[in-house]
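Have a look at this one.
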Amino acid sequence: MLPFSLVRGRDLAGLAACCILVGLALIALMAPWISPQDPLAQNRTDQFLSPSLRHLFGTDEFGRDILSRVIHGARISLVTGAVAVLIGATVGVPLGLLGGFAGGLTDAAIMRVLDFLLAVPAILLAMVIIAILGPGSFNAMLAVGAVSVPSFARLTRASTLTLKEREFVVATRALGVGPAYLMFRTILLNAATPIVVQIAVTGAVAMLLEAALSFLGLGTQPPAPSWGSMLNAGRSFLYQAPWYGLFPGIVITLSVLSLNALADALQTVVDRSGAGRAAGPERTA
Amino acid sequence: MARYVLFRLIQLLPVLLLASVGVWLMIYLIPGDPAVALLGPDVTPEQIQRTRARMGLDRPLPVQYALWLGRVVQGDLGVSYLNGLPVTTMLAQRIPVTLQLTVASFVVALAIAAPFGIASAVRPRSWIARGVTGYNALAMAVPTFWLGILLVLCFGLWLRWLPTSGFVPFWQEPGRALRFLILPAFTLGAYVSAVLARFTRAALLETLYQDYVRTARAKGLGERPVIGVHALRNALIPVVTVVGLQFGAFMGGAVITEAIFDYPGLGRMLLQAILTRDYTVVQGTILFVVLAFVVINLLTDLAYALLDPRIRYS
Amino acid sequence: MTPIHAPSRRRFLQGLAAGTIAGTAFLAAARRAAAKKRGGTLTVGMPNDFDTFDPHKLSFANFTLQQNLYDTLTRYNASLKPLPGLAERWAVAPDGQSVTLTLRKGVKFHSGKDLMAADVVKNFEKAADKERGWNMLPAVANVAEVTAPDAGTVVIKFKKVSPEVFDLLQAMGIMEPAAMDSLKNRGVGTGPFKFVEWVPGDHTTLERNPAYWGQGTPWADRVIFKVFGDSDAMVAALQSGICDLVIAVPPKDTARLAREFNMVRGTPGALTYEIRVNGTRPPFDKKEARHALHFAIDRQGVVNNVLFGVSEPTVLPFSRNSPAYDRSVAAKYPFDLKRAKELLEKAGVAGGKAECLTLPQFPELPAISQVLKADLAKIGFTLDIAVVDSTLYYKRLFGGDFQICPSFSGNTQKYPTRVALNSIYRPANNPVWGNEVPKAYLDALNEANGTIDAAKQKAAFAKFNAAILDEAWVISIAYRQSVFALAKHVDGFAYTVDDMAVLENVSIEK
């Protein structure tokens, strides 16, 4: 289990990251009960109040409580990250398995498509996808998920290629097991560790990318309180209300920092156990 | 070597062809009508219909694609639906601008990464190394747009040291151009500087314990020449790879950076083109980005050969 | 025929500036001719690029061309008194069915060609062309014939009496007929500045027209219109000294910039924010449901929280200087959620939901939607905000494919029926009503259009207002007020009643 490995390895950064992420997840889960106010309630006379005891993070242009919005925003950001990773993994992993396992023309075709997808910077690709689907929270998740497919596919393919030649796989195959069983049970189970690391890395990238898309006005739409769209709005009021762009920025940075640290910690654990290396996805935003 | 270059060039063709089909298909899936974008508000359906016919938008898609590809091969990317200018002309105007930004941010990234990477490799347990690790983690986590906003706030509006937007061609007024470049270059370069610093450190650590470096040390060479001549040169190889791999990050970051600092480069042109459904401009720009990516990867491979005498292509 | 106005000297800018409240402030800063500096480059920041150099296409982005690259036949001062432009004198026939213009002598196009009456005729022909007429097409709908009896005289005959003749002349930018085919990329007019180059999405350069007919104007050698993708970047460029002057400053920045720059506020109500309501679709096909919106929109809240005080609330589209302006109606439509709820219940749509169409280019529009959404939520009505890109937005807006949609209307400060040039107020081919526009509105519109008698006009305007309020397919909210920000060294700036920038008298004092 990961936490034990972290304690054993005295990986303080990894432990701290774990704590922060668990904390964020708890906040997201309990948002309606712990947020001091309704994140959508407008008290128009309370415009741009600076942080105080009544409004710890201050208020925005409609007099909404920024702390409450940041708390509710945790839900959107974490859900975006999770859904994007889920899409990326469920599409990318089978693709990589198939390519690595089948080889030949199938592999070449898959690889060429991936090459092309990787040749377009992720944010541009996501922008084009959103241009097709239209802006919005769910479409942003789809776009981010689609963009993270290539890194999952590549990683899985690389692991599959190595594992395919390993003795235990060759032995299983010699037993006359079907290719599906071989792919999904024998190989996938053994390629799981780097994929788990990849999930943490992709989660960080996905959160950043969603924030960037919302920042460009293509992701979550107001009044829904996503961190990215709050940054986008806060950017317009830097002078009147510097705290508006400050707090969402801090939480985004903190979450991404934690996910990165977690990925590093996982990698250390994985390295110690001797499995493959996760492919760092390209920076997106 | 020449044969290898030729081989690699031929290998590029399917990627580029696929890219052209992909880009073309994606763009035609987009809802919205360039004729409407062209005509703007307050037009009649008949006007839209006439404009569509004039622009060739009413012909079958495969015909449109074949015609388009034929012209692209001849270096004709078509004209913008919106302003009637050739896309190649528009690209030619914007490429040097974005190039100036990316080169500047690469210089910034190197200027940060080289000392950071070397210091943390040479003194791996010192507070400097810890500081560098902290910087790396932070620079890799801070979103580009937030960093840009913080810099604008701090240096542009509170301290008023630097301009917060605009572009001056370096080849016209280098001094002023630099002032305008500092904030965007740092914004775009921060992330890559962290990646580079990490790789420099890792590469150096590896070479520092290799036999030839030990031998050099054993021969009584001072620390400087050992690191400078022997270790650094070999550490350059992975660093070159990273530069090639980070091209995508540079292009993606450029879209955001150009938006924050209102920098009239490729990224801003592309964003505007997507928002206004200027199909030809989107196609031309994405194709150019893919081509540039592919060429840079090729150059990266070739740089290997030059840096490492052990690698020979045949 | 009675000559109305025959001034010997051009006092347009002074008259314009002195007549407006904001204008007096910058007139004080304007120097006398003897003290003004000549030469220099004026850099003007704008949020959008010109979409054409056609003076007949009056999209907001193109406003700055109208009085700088081009001239109009006549001009207005702030109280809508006609002033000479390219037409030096005019005479309206007593029956109101024709006008005779005497063109200014010695005016040359930037191409070097003399301005002739035949050129003006060709401009009217273009305006009447369905393909090329753009915004002038509906404006010349009442024009029967334009002729040039001699090189310096233009006669415009109307189909029926034309009370808004000066609105037409004032909007009519005149271009060189030979350049009418290349307007996408360049423009040739008679204005104080002539076209040099256009770098799409980046900037447009104009230079001093040495042959200009103004007295001693223009002062600056060169004007560069610099395009910024968004207004925040534009404001930043003003602060870093890249721009000398920016147009369309976002309301949120107005107070902050006032410390360092001269802020010039345009006419309140050159444009009016509104909510367009589709009265042919549920849930707003019942009049009561539309009336509920009159009481559910917090107009003062929009002014304070969306427009940051740079505005004032209104329930009618008309600007304060419009003849149809009626101060008394505001009290009848207070912000009253209880009443809104009753009306929704009466219409049988309480607890219902609707989609609110909006686009991100104008941040005020999503913000207005948010204000309405939050208040409607309090009375149990759900509003879903759909933010779409501009192409889709305009397609759906002009196709009537929406339930409600915040937007704004222009032409609210001239002859009141001009408001019908906005698609939503169109008497026919209306995006919401098609050709089934409410009869009370149509009648009042025709009545106001059919007379030049002041008393009859007044009565018609009252009916017109009543019809707009009662049918309630446009819920006016607040005026849009243009704000220009000028560096301290910019002297002599002016603007028209439409808030178009006038740069001919601008000098750079540094």
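Chains: A, B and C, in written order; residue numbering restarts at 1 for each.
Simple rule for what comes next: a residue touches a chain if its C-beta (ideal position, glycine included) is under 8 Å from a C-beta of that chain, and two chains touch if they have at least 3 such contacts.
Quick caveat: nothing in here was measured; it's all calculated off a predicted structure.
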item: Label of the chain whose CA centroid is most distant from the centroid of chain C; value: A
item: Of B-C and A-B, whichever chain pair has more C-beta contact pairs; value: A-B
item: Gap in Å, rounded to a whole number, between the CA centres of chain C and chain A; value: 47
item: Distance from chain C to chain B - Cα centre to Cα centre, in angstrom; value: 42
item: Between chain A and chain B, centroid-to-centroid distance (C-alpha), Å; value: 23
item: Numbers and ranges of chain C residues touching at least 2 other chains; value: 389, 392
item: Residue list for chain B, restricted to those that touch at least two other chains; value: 31, 152, 157, 259, 271
item: Touching two or more other chains - residue numbers and ranges from chain A; value: 131, 134, 235, 239
item: Contact set on chain B toward chain A in their complex; value: 14-15, 18-19, 22, 26-27, 29-31, 137-138, 140-146, 149-150, 152-153, 157, 191-192, 195, 245-246, 248-249, 251-253, 255-256, 259, 270-271, 274, 282, 286, 289-290, 293-294
item: Interfacial residue positions of chain A with respect to chain C in the complex; value: 40-42, 44, 47, 61-63, 131, 134-136, 217, 221-223, 235-237, 239-240
item: Touch list for chain C against partner chain A, complex; value: 232, 250, 252-253, 256, 298, 301, 304-306, 360, 363, 366-367, 370-371, 373-375, 377, 385, 387-389, 392
item: Touching residues (chain side chain B, partner chain C) in the complex; value: 31-33, 36-37, 40-44, 47, 50, 80, 82-85, 90, 93, 152, 156-157, 163-166, 259-262, 264, 268-269, 271-272, 275-277
item: In the complex, chain A residues that touch chain B; value: 112-113, 115-116, 118-124, 127-129, 131-132, 134, 204, 208, 211-212, 215-216, 231, 235, 238-239, 242, 245, 249, 252-253, 256-257, 260-261, 282-285
